[in-house]
Each structure stands twice: as structure tokens, then as C-alpha cells.
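Below is one structure, written out as C-alpha cells, with a few remarks after it.
For reference, chains read A, B, C and D in written order, and residue numbers begin at 1 within each chain.
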Amino acid sequence: MKKNRTLEDAIAAIPSGATVMVGGFGNPGTPFSLINELVRQGQTQLTLIKNDANEPHHGISRLIENGQVDRLVTTHIGLNKTVIELMNQGKIDVQFHPQGMLAEKIRTAGSGSYGFLTDIGLESEITQQKDVLEWQGQTYKVEMALTADYALIHAAQADWLGNLLYQGSAINFSPLMAMAADHVIVETIDLKQPGHFKPEHIHTPGAFVDSVVELKALTDDYGILDHHVRR
Amino acid sequence: MSVVERILTRAVLEITQGSIVNLGIGLPTQVLHYLPDDFDAQIHSENGILGAWKQSAPENMDPFLIDSAGAYVSLREGASLFDSAVSFAIIRRARLDLTMIGAFEVDAQGNLANWKIPGKFSPGIGGAMELAQKTKRLVVLTTHTDKQGRPKILEHCRLPLTAKACTDRIISDLAVIDVTPEGLMVREKLVDISNDELQDKTEAKLMFTAEE
Amino acid sequence: MSVVERILTRAVLEITQGSIVNLGIGLPTQVLHYLPDDFDAQIHSENGILGAWKQSAPENMDPFLIDSAGAYVSLREGASLFDSAVSFAIIRRARLDLTMIGAFEVDAQGNLANWKIPGKFSPGIGGAMELAQKTKRLVVLTTHTDKQGRPKILEHCRLPLTAKACTDRIISDLAVIDVTPEGLMVREKLVDISNDELQDKTEAKLMFTAEE
Amino acid sequence: MKKNRTLEDAIAAIPSGATVMVGGFGNPGTPFSLINELVRQGQTQLTLIKNDANEPHHGISRLIENGQVDRLVTTHIGLNKTVIELMNQGKIDVQFHPQGMLAEKIRTAGSGSYGFLTDIGLESEITQQKDVLEWQGQTYKVEMALTADYALIHAAQADWLGNLLYQGSAINFSPLMAMAADHVIVETIDLKQPGHFKPEHIHTPGAFVDSVVELKALTDDYGILDHHVRR
């Protein structure tokens, strides 16, 4: 079944109030074109789940600055002073998780489970007593699975069955989010016919993907950020 | 040599041949550039890289390949790329030989605080908690005192902890100090400083090896 | 047409264009060979295949590519291969449109027993429990009665259950029967048989559509 | 660091009494050469963890028939009448798990967690009351992580840093076991220099692998089983 959609149609499916996972760690893997269309369409009261908040005026920071986001679930927003300021002003609710815990909460949802037992942060202030479980003689923190209505994913390559391949450090959260969200929307600049890829090279099987948007070009968003180039 | 250069020059000696090493955000990421080009170590970056290497020239830079601090990196031969769940599986399964990490505070028990200054700085935890809690060997890189000259090596951390009793060694701009069951043991001095002067800049009680 | 052929010939009509389908061990795996060669469906095999297809000729057979029953298969264009955790993630996340599965017993509530006959047969659960519990649509393929002529479609299963209330439709060699909130509804007969005769071979009470 | 080992040395590291995960689903992925060496060396009182028991006189069935295995943790042994018979005679203790639960228990160990919450089998006879958890208003079964001292893995290709690539349906449990076991021993017929593989194509990063054994040939064990060829 062909999963190709136009950019406009794919994003129009997302209602205000939705919970949306967004792939990417910094720039690599951030689906800028899907995000920019969501800015254009203007859905509001969104909950976003992303490793970081991108950098000011860039990626999901545009959605946050535009007032479309009520809540951000993330690990580290140190590269985005604008969002830190909005958080400090109480204009957005930000929930932090250790990075590997966020990844694993998403993967746990993606594997159809409901939570997992860990010792990460068990003795730190991030653990509340209500999340501590005594179980068969040991003490654990229970981390619950994190689901979402939608996931927005950037793939380096895809076919119209929804098989996805990522590149470089742009893999990061994307395969996990593709498993965890109820509706998975993918952008790619390189859409191929099924059969083009070696079956062993596919990172995300098409079963997890609902819509594939073929991009005509990668905008400047995807380029090199000068301030991350070493002098 | 600047304070930073002194820390980094010493830090690079911690990396042994053939080891798997994570370099945390801040001072540690810069250690990479002090490694000889042919050095046999695999740099792990928690955003999904094993085998990250020094930044390429601008014309070869890959916009889809950064380290966890956002800086563009290259890959060594034999590098692998994977998702964030696998990346942290490597960390939590203690397959890292060494992590170097920054600190706001570190103390005599090896407790580390490096993620939050309540009311002042709370950009999130990132991967620090898992790196600190699970790496086989954790080396803290830090200036010996803060910008106001106050000690960062304390008797007991006052800020929220990243992890308890996780630090094996502290490398400051003044000394190399090991966390031992008996307390902090000065192993090397990196500048010409007396024991008393070093103790003055350190809140925690220091021990000195017999020969000094 | 043999009993088996009758079941398989009807079963293949359950597969809709573009769907993702798992074919359980036993009768269901044979459904694959009844699909037209150009049919647009993706066959999932729980050992890590999406897009499994009919066995190649011996000279092209890949010894490293089997279905969950051990039979050699080929791949369609667009197939993907993955580990067992991802394979069952597809199942538990309900990304399968249809699973066809065998049965020892199935009952009026849609309960299914197909993995264990205590004291007699217990080779393990395999993937049946997760397939039965999590697939969007579960179709049971079974002979209407066992080798001794005893009904396999029961009022209540007596063997240990694979999953509760999981079955949507039963295809036997005699009829196509839906599990509805009111009970078992006969949708089609596959042989020339009266309602009474069919009921005689079935322990559970059957309903028949008005027009029959 | 070069991880190359001889077949003999790699297997000699395994002591009697060890818990050993073995990759493979049926023939594909079964590390026959590592297993046959373990038969030759004769370590005993092993606990094996494998999807199935292979088929009679083949793969891990040889270890079991040889009396080297006390316990088998598995999902389905329907293709091995010999092992079923040994189980029924009480000569080997067999523990069954639903296949996806076995996979996820191994992956949970492999991700450094201790257990996960599921609803699979919750209402079936496989669930004992001691494993049921009431948590924040819901009922779950707790499945604990499954670790091992060793994993024996067949990779289609590898390099001497321990980077692994699998092929066909031979992936199955291998990447999960490579993450979960304390010592990971790999066999491959195709050992390359680091740098030969595209970094995005590597299935198991070398960080998880301890020893790589280069095979000189694939024995008949790895070939087509005639009774699985359709007539």
C-alpha cells in the first residue's frame, strides 16, 4: 500500500492538543520540513517529546516560540536560551528525563510494554517515592512507557512501503519514536521504489510507518551551523 | 599554558590504547583534539556513535554527524552508528571503559554534582546521570576553584547529585586526585604548588603520598 | 478438494490488498501458496521478516532464510529483516492487520486454545500468545472436528487458553463462522450441509443468518 | 583492540555450570561451529537460553543429548522430538516463555534494565500470582530481565573490532543476546578489516563483543535441511 502523502495533508491530520514525538538530536534527524509545516498550519496546545529544543528560531523552537506548545518532554535544552527563558517565565511546562531513560521509555512503548525497572537516578532527587518499587527483595525505580499520538521523523532514505534508513548521528530517537507513536509521519529527500534497499539495511520496517512525504529539497535548516564549527 | 590546556593535556593521558571512551559536554569533548591522530581508542558519543573522531575540514563536514555537544565530528574506520536506546545500552551495560565528565562540585566520597543549580541553571540532565552511574571508570575534569575562587572539590556536595560515589579520579588545573576509600589522595601536582597551598584551595581534606 | 484445500482456498480470501499478515505454524503457513503471485500483501514471520514470500526453486534457496515453521522462504521487493524484539514489537504494537492461526479448541466467546495439551503435548508457546492477544483481526483455521470426529468448536474451551476472547472468525472445512457478542454466527457454508448437520458437529450453539 | 581468538581458546573460556545464550531461530543464526567445539570440550551443567532446541543431533540438541545441559530456557521445541522425550523423562529441565517475552527479557537485560511490565499472558496459566503487580491503578505482569555469562553468536560478517552484520532470518535473537551476556563470543566466515562496513549497516556495535572466531568453512550443519523443502 502506497504511503505517500503531500506535506500539507500529512501534517493536517494532526489535531490541536496532540502529543507529538519529534526525532532528532540537535540538528541531525530533526524533521525541519514537517515542523515548519506544523508552524504554518498553526495547531496549538501541543505536547512535544524531543531530546532537545533545537536552537533558537530553529526546529521545534519555532513551534514553542510561536505559542503552539503547552508542554515539552525532553532531556537537555542547554543550547536554547530562548526556550530556557520561556520555561523560567512559566510560559511552557518542561519535563526532563535522563537521556537514556527518555529513549528507553519511548522504546518500551514502542515494544508494546508499559514500563520498566531501573536503578538510574534511584538515589537522586529525580526519583519520587511513588515511583519506587520493592520487588522480590530488590528496590527499583519504575519508568513508565511514553506513547504519543504522532511521530515526526526525518529519514535519509525511504520507500513508499515506509521502510526507512537513517544516516550519521541522525538515527538517535527516530527508530524508537517510529515504534512508539500511533501515527508515524516521515519526511525524506530520497524516496525509492520498494526493493531498492537491501532488507538487512532497513532501520525501521514499513509496518511502523503511516505516511511518507517526499521533500523536493533540503532547506538551509538542514545545513551546517557555523557556531558548531571548531575554529 | 592556559588553565584549560593544562587540564586537557593531562586528561588525554588517561585514555589507554584500545579503550572505549565517552567525553562529556564541556571540557571533556575537547580532549579528543589532544589525542594523537593514530591513537587506538574508540570515542563513544551518546547520540549514537562509536568511533567518533576529530572534525573534518569545512568542505568535508557532514551536517548529519555531530557529537553530543553539537559539534561536527568525523568517523574513524570501524565506527558504528545506532539509535539512542542502543547507545545507552552500551552505557548501562558498562561497556564503556572510561568517561570523562565535567563538574560543578565533586566531593571526598566521589559524589558528583554537574547538572543543576537550583533557581539558576537547570537545562536538563542529558546523559550525565547514566554515564556517571554506570561507567567502569569516571574521571572528573574541572577547574580547581570556580570563577570566584571558591573550591569545587568539597567535603560534601551541596548541589543535587548526578550520582553517588561515582568518581574515580579528579583532574584539575592544579592536581590529579584519586578518590580512595580513605578519602582524596593527591597523585600528581600539575603546577608548582605546596601541599598547604593546594589544601587551601580545596574544601575536602587531601592526603598526600609519602614521598612528597 | 481435500479438507485442507477447502480451508486454505477459503482462507486466502481473508487477506486484503496492502495488508500485513502473519501466518501461524501449521495450516496457516500454507495459505501463502494460495496467494496470486502479484498479490499486494506483506507476510510477517515472527522470526524477523516482513515481506516473506513463496519458497524459491532449490537452486536459489537461501539456507539463512526460513519462516517461523522452519520452511525456506524467499523475500518480496520491499521486504525488511530485523531482530526478534522488533518483530514482536510489530505484533504487540498491533501493526499486524491479520493473523491466521491454528487451534486445538476455539469457543463461543472467541477464546482460543492452541499451545498445550497437558500431559500429552507441550512443546512450548512460541509466538502464539502474543499473536492471539494483540493482532487487530484473528482468524482461526481448523478442521471442524478432530480425528476422532469430536467437535473442536466448543461452548467453553477446556484446554489451557492461548488468549481470551481473541478470535474474530473461524474458518473450518465446513463453514465460515464469526464470533459476535451474541455468539457464533455462521456466515458461509463451504460444503452442502444443513443447519442441523452443522450444529451436530459443533458443541457451541450456532446462529444462522436470516436468509438461510 | 583486536578481538580475534581461536575457536578452541574462545570456547575454553566457558566454565562448566555457566549460563549460555545461543543465537538462532531454527538453523539460521545457530552458531554450529562454536556449539560443536563446546560438545568437543565437554563442559557440563550448562544452562542454555535459545529460542528452540534445533533439531535432533544438530546444534544445541547435541549438547543436550550429550548430557552437558541441566536446563534449557526456550520458547518452542516442537521440531525436536529427542529433546521433548528427554524433557518428558525428566532428564532436562525446560522453561518455556512466549517468544516475544523471551526476546524482550533478553533485550531488557541488554539495555541494562531489570524487568518490564506487560499484559502478555496476564490472564493465562503461564502467569503466577507472585509475578502480578498492581501499579498506579493498573495490573501488569512483571517479566524480569534474563542475563547470561556467555553468548554464542553467528554473524554473517564481522570485523576485528567486533562489529557484526547478520543476514536473512539469522538476525533473530543474536543482537539482543550480544547486548545481554557478560562475555560475547562470535563466529563468522567473513572477517573484514575495520572500515569495510558502512557504519549505518552494522547491526551490533563492537562494544558488545569480546571474541571473534574466524571460521575456515561453513560445515554441512549450515546447509539446507531437506525436510523443510516444499515438495
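We adopt the following convention: a residue touches a chain if its C-beta (ideal position, glycine included) is under 8 Å from a C-beta of that chain, and two chains touch if they have at least 3 such contacts.
All of these numbers come straight from a predicted model, not from anything done at the bench.
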If you walk touching chains, what's the least steps from subunit B to subunit C?
-> 2
Using mean Cα positions as chain centres, tell me which chain lies farthest from subunit A.
-> C
CA centroid of subunit A to CA centroid of subunit D, Å = 32
With chain centres defined as C-alpha means, what is the inter-centre distance between subunit A and subunit C in Å?
-> 36
Cα centroid separation between subunit C and subunit D, in whole Å?
-> 28
Residues of subunit C whose C-beta touches two or more other chains = 81-82, 85, 88, 91-92, 134
Could you list the positions in subunit D whose residues touch two or more of the other chains?
-> 104, 107, 111-113, 119, 167-168, 171, 200, 203
Among line, ring, star, complete and other, the chain touch graph is other
Where do chains touch, given as pairs?
-> A-B, A-C, A-D, B-D, C-D
Under the touch definition given earlier, write down the residues of subunit C that touch subunit A in their complex.
-> 17-20, 40, 42, 44, 50-51, 75-82, 85-86, 88-96, 134
Subunit D residues within the subunit C interface of the complex | 25-29, 51, 74-79, 84, 94, 96-104, 106-107, 119-121, 123-126, 156, 167-176, 203, 222-225, 228-230
So in the complex, which bits of subunit C are touching subunit D?
-> 25, 33, 45-49, 55, 58, 61-68, 70-72, 81-85, 87-88, 91-92, 122-130, 133-134, 160-164
Quick one: which bits of subunit D touch subunit A in the complex? Just the residue numbers, please.
-> 104, 107-108, 111-119, 130, 133, 135-136, 138, 140, 142, 144, 165-168, 171, 200-201, 203
List of subunit A residues in touch with subunit C within their complex = 1, 110-113, 159, 161, 163, 179, 193-195, 199-200, 202, 205-208
